[in-house]
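Every chain is named by a letter (A, B, C and D) in the order it is written, and numbering of its residues begins at 1.
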Amino acid sequence: MGPQHPSTHGVLRVVLKLDGERVIGSECVIGYLHRGVEKIAENRTYQQFAPYVDRMDYVAAVSNGLGYCEAIEKLLIVEAPPRARVIRTILTELQRIASHLLWLGTHALDIGALTPLFYCFREREEILKILEKYCGARLTTHAFRIGGLQYEAHDTFEKDVERFCKDFESRIVEYETLLTNNRIWIGRTKGVGILTAEDAIAFGVTGPVLRASGVKWDIRKAMPYAAYDQYKFEIPVGTTGDTYDRYLVRMEEMRQSRLICLQAIENIPPGPIMAKVGKVLKPPPGEVYHAIEAPKGELGYYVVSDGTVQPYRVRIRPPSFINLQAFDRMVRGHLVADVVAIIGTIDIVLGEVDR
Amino acid sequence: MQAAAQATLDFLKLYWAPLLCGVVIVAVLPLIVGYIVLVERKLMADMQARLGPMRVGPHGLLQPIADAVKLLIKEDIIPDDADKVVFWLAPVFSVGAALLAIAGLAFGPAFQIAQDLNIGLLFVVGISALGIFGIVLGGWASNSHYSLMGALRSSAQLVSYETAAGMALVCGLLFAGTLNIKSIVAAQVTQGVWFGFLAPVAFFTYLVASIAETNRAPFDLPEAESELVAGYMTEFSGFRWSLYFLAEYVNMIVVASVATTLFLGGWLRPFANVRWLNFLDLLPPLLMIGVAGYCVLRMPKQPTRVQQMFMLAVAGLCLVVALVLAAPVLLPFVKPSLKDAVAPFYAGIHGGFWFIFKVSVYIYFFMWLRFTIPRYRFDQLMRLGWHFLIPLSIINVLVVGAALIVGSYFNLQGWALLLATTPAAIVTLVAALVILSLDQKNQARQESTAATDFYAG
Amino acid sequence: MLPIGHYLFLSMALFLLGVIGVITRRNVIVVLMSIELILNAVNINLVAFSRLYGDVAGQVFALFIIADAAAEAAVGLGIIIAFFRNRETVLADEMDLLKW
Amino acid sequence: MLDKVIFYFFAGIAVSSAALMVTRRNAVHSAIFLIATLLATAGIFLQLRAEFIFIVQIILYVGGIMVLFIFVIMLVNLDVALHQIKFARQKWVALIVTMALTAQIGLLFWTTGKMPGQGFPKLTALPANQLPPNAEEVAKSLFSSYLLPFEIASVLLLVAMIGAVVMAKKRT
């Protein structure tokens, strides 16, 4: 299946070894979107590199930015003010919902249901409007700065987010009626692309794919960052680890993110939005690894600084790339038609896979 | 020479009506198909919270003409080593089969091309079964591995669902007792109840089988399959592709009208012979007046002058149709002497209206399915066809036959016949559940064996 | 109803073409097709005479012939597929082994 | 008059496409020509007012058997056979056989001194419009006087189906 295939998200080439209709083995050829982000980082200052981070997982740019900024703040041993942390949490959770909506739309389209795509995009539009109002850009937002936020929350911020969360509840029910107990949807997804818990851990898979296989691991709970420790929310966990479980886990995650946003909206603490960080950042030599829970899985930043203005090395742990390794195990023994469903269910974004 | 001229003259005198209908159908059908496509796109858009084609003409009403022109002038690529003759023949074959099937149909008591064809329904089903050649040869001629695989898949699907559709029709025909379309509808008048209620399971099976037969909705696997891209139609472009497109929609009309004739009482008004429900006759004209009113109301909101004019024209058209529909109903009240003169006229027009109304409801259901339900995988599709639909329809034929014998024993008629057929339907449904559970069990067994052997392999 | 001679000539012509097809063609599938052609020629005769004598038995028998032709085609093609899968050829000359 | 026109039209198509079928090099082309012949013979059945056989021929022969043929031709896409000569060595044998056949039939008619079909009584050929409805007639006689052959035919079809399935099954 060539790189410009209609159902591979972006430019992913999959070489399938077939026995008639069944897939025996598969091999993903990637690298079509490789831009050498990590090499570029080595001759950019810390602030200059921040916009590059958004271009990786262009579907969830805000959470990339959050990961990078918090990693550098850890390096500088600086703490973002509480107000900044809460606004960051709200924006990341909104971005998570938007990313899951895009996943649901394209996944359903691959399996044949035409309508959910337009419902999901209608909601995603609302979120992008809020992001645009806040930081001027819809997709590659560059919303955060090292040490806090650049812009104060616009005046109607609370009202917009609240209005969105209010009617999103009924919208999720809309998707569920369309898909969840639809016999054909279940037929196409149940028992397809099974990934057992041991395999998931062995492959180092993270995020909804890991939780669907029954492993209860979410960085927001395990190593809370930003303002996640102040809010109550559950972590949905699946049982068999097939496409249908991943679908349920992600739908539940959307609901939880909505709850987080609602809790966060009640009390956004007043105060400054930017910590005292100089114009020129010269972090002390040393290294740091900071991971956050991106919509696709654990997004980690390993930054080594040699005391100068530019980082010595920035290593990014992309969740999509690692989840993709489990693709071969999942696709074995299935029919060619299921390959499309499996690519959809891992929810990979090629920008992040190729970096 | 004179004898030949005389022979052709009386030939024309004898058969001018069907010839005229034939020419009208073949000319008007592409236009109708164009507007069905427009309605489908509008409906899809409406269900997906968007507007659909709005650019060409007011509310996109001229979109089909734009599509037709585009398809005509688009360049007609023929793959280099495809064999030309078969490549040209395949779409012609499938359109020909679809249009020929239209000839057997009756769109109202007066409007039928092949007048008293006493194998009416069988003729329509048989000829529309020829469409398979168009698909198979099309796949073969375009000489690419993918389209050949797509063609084989879609024809395998067509062949297997034809048996199920055939069985469902047989069950419907048990009640009608004849194949001639006019007498089928007449039988539904004497019975007083539509066969769709007498044989609900047959109607359901036919509905599902006809969706699969026209390659639509959850079964539109061949052209939507991810790696076959457009199945057998990939290599065709421009006019040739539009022929296939036309054949698919004409097939949809044929299948819909077969279902309406047999299960939904053809051109009968609902509750045809219930005297006190006669006011239903006024329904068609009222409907048309409603549409006209809606157009007039929306007229001021149109942005440009020409669109307002267009809306007025549409409203006028609806009013004229309403008048034509109302005339035969109201005239007898005005002048009772006209009653008998108007009767055939009345039957023809109202019959035609009801028939077209039912066909469009049936097609609406097709479209509605297409937008909401995801697609079946190919093996699930074949399993549904072979393991579930065909046994169900065979059992249904047996059970309904038995019910008919019981019915005739107690000589139940019309609504009373329901006493015999509803238990029959229940028995068939129970049998269906048994088949399903059996299917689930051996499917699970199959799945486990399949899983083990590929690990071993 | 034309005089019966026309139908006799037609079915004879088709029969002859079928026989030629069976004998001369190397490709087994085309041989099977020519057999179908011969059966068809027989059908024409049957229906013509049934129409001539007004007795519908001829047409019923033609029905049986069509059913039989279907059965014969199914089994014949089954054999061809099985043969093709082993010997990769469909030409009559190369089918000279009784057991492969 | 109309009958004659229709008959010659369909007979012409039938004979010419049969001839083309036998001579075509490509198996798919000959299959298509066979379909044309079958449709032409169906037309002749229609001209003989035998509607039921007409529609059965179309459904069973063209819609059923020919689809099977085209499927097999595609599964066994034998472009390798295209280049070899398509006529077997028995070409001459075929010519001799056909010559003998036509000579024999010609001799038969020559001895009786009548063109084929002259002597047959033309007494019961009913005009077209008084013919009883064909489908009902065939059904009546099929299920009354010919019930036993009907059952035998069904058994034959069953056996054929099982045979075909067993034959085409993969040797697992």
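The criterion applied here is as follows: contacts are C-beta pairs under 8 Å (C-beta built on N, C-alpha and C of every residue); 3 or more make two chains touch, one makes a residue touch a chain.
Here the structure is a predicted model, which is why all the values come from computation and not from measurement.
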* So which chain is the furthest away from chain C, centre to centre on CA atoms? -> A
* Asked: Of the chains present, which has its C-alpha mean closest to the combined C-alpha mean?
  -> B
* Asked: Roughly how many whole angstrom separate the Cα centroids of chain A and chain D?
  -> 67
* Where chain A and chain B are represented by their mean Cα positions, the distance between them in whole Å -> 46
* How many angstrom lie between the CA centroids of chain C and chain D, rounded to a whole number? -> 6
* **Two or more partner chains touched - positions in chain D** => 52, 134
* Quick one: which residues in chain B touch 2 or more of the other chains? => none
* **Chain contact topology (line, ring, star, complete or other)** => line
* Which pairs of chains touch one another in this structure? -> A-B, B-D, C-D
* Structure fact -> Listed in rising order, the residues of chain D that touch chain C in the complex are 3-4, 7, 11, 14-15, 18-19, 21-22, 27, 30-31, 34, 37-38, 41, 44-45, 48-50, 52-53, 56-57, 60-61, 64-65, 68-69, 72-73, 75-76, 78, 81, 84-88, 90-91, 93-94, 97-98, 101-102, 105, 115-118, 120, 122, 124-126, 128, 134, 137-138, 140-142, 145-146, 149, 153, 156-157, 159-161, 163-168
* Structure fact -> Per the touch rule above, chain A residues touching chain B in the complex are 1, 5-7, 21-22, 24, 108, 110-115, 117-119, 122, 178-179, 182, 184-185, 187-188, 191, 332-333, 335-340
* Structure fact -> Seen from chain C, its contact residues with chain D in the complex are 1-10, 12-14, 16-21, 23-27, 29-30, 32-34, 36-37, 40, 43-44, 47-48, 50-54, 56-57, 59-60, 62-64, 66-75, 77-82, 84, 89-93
* **Residues of chain B defined as touching chain A within the complex** => 44, 47-50, 218, 224-227, 229, 370-380, 447, 450-451, 454-455, 457
* Residues of chain B defined as touching chain D within the complex -> 3, 7, 11, 83, 85-86, 89, 117-119, 122-123, 125-127, 129-130, 132-133, 136-137, 140, 148, 152, 155, 159, 179
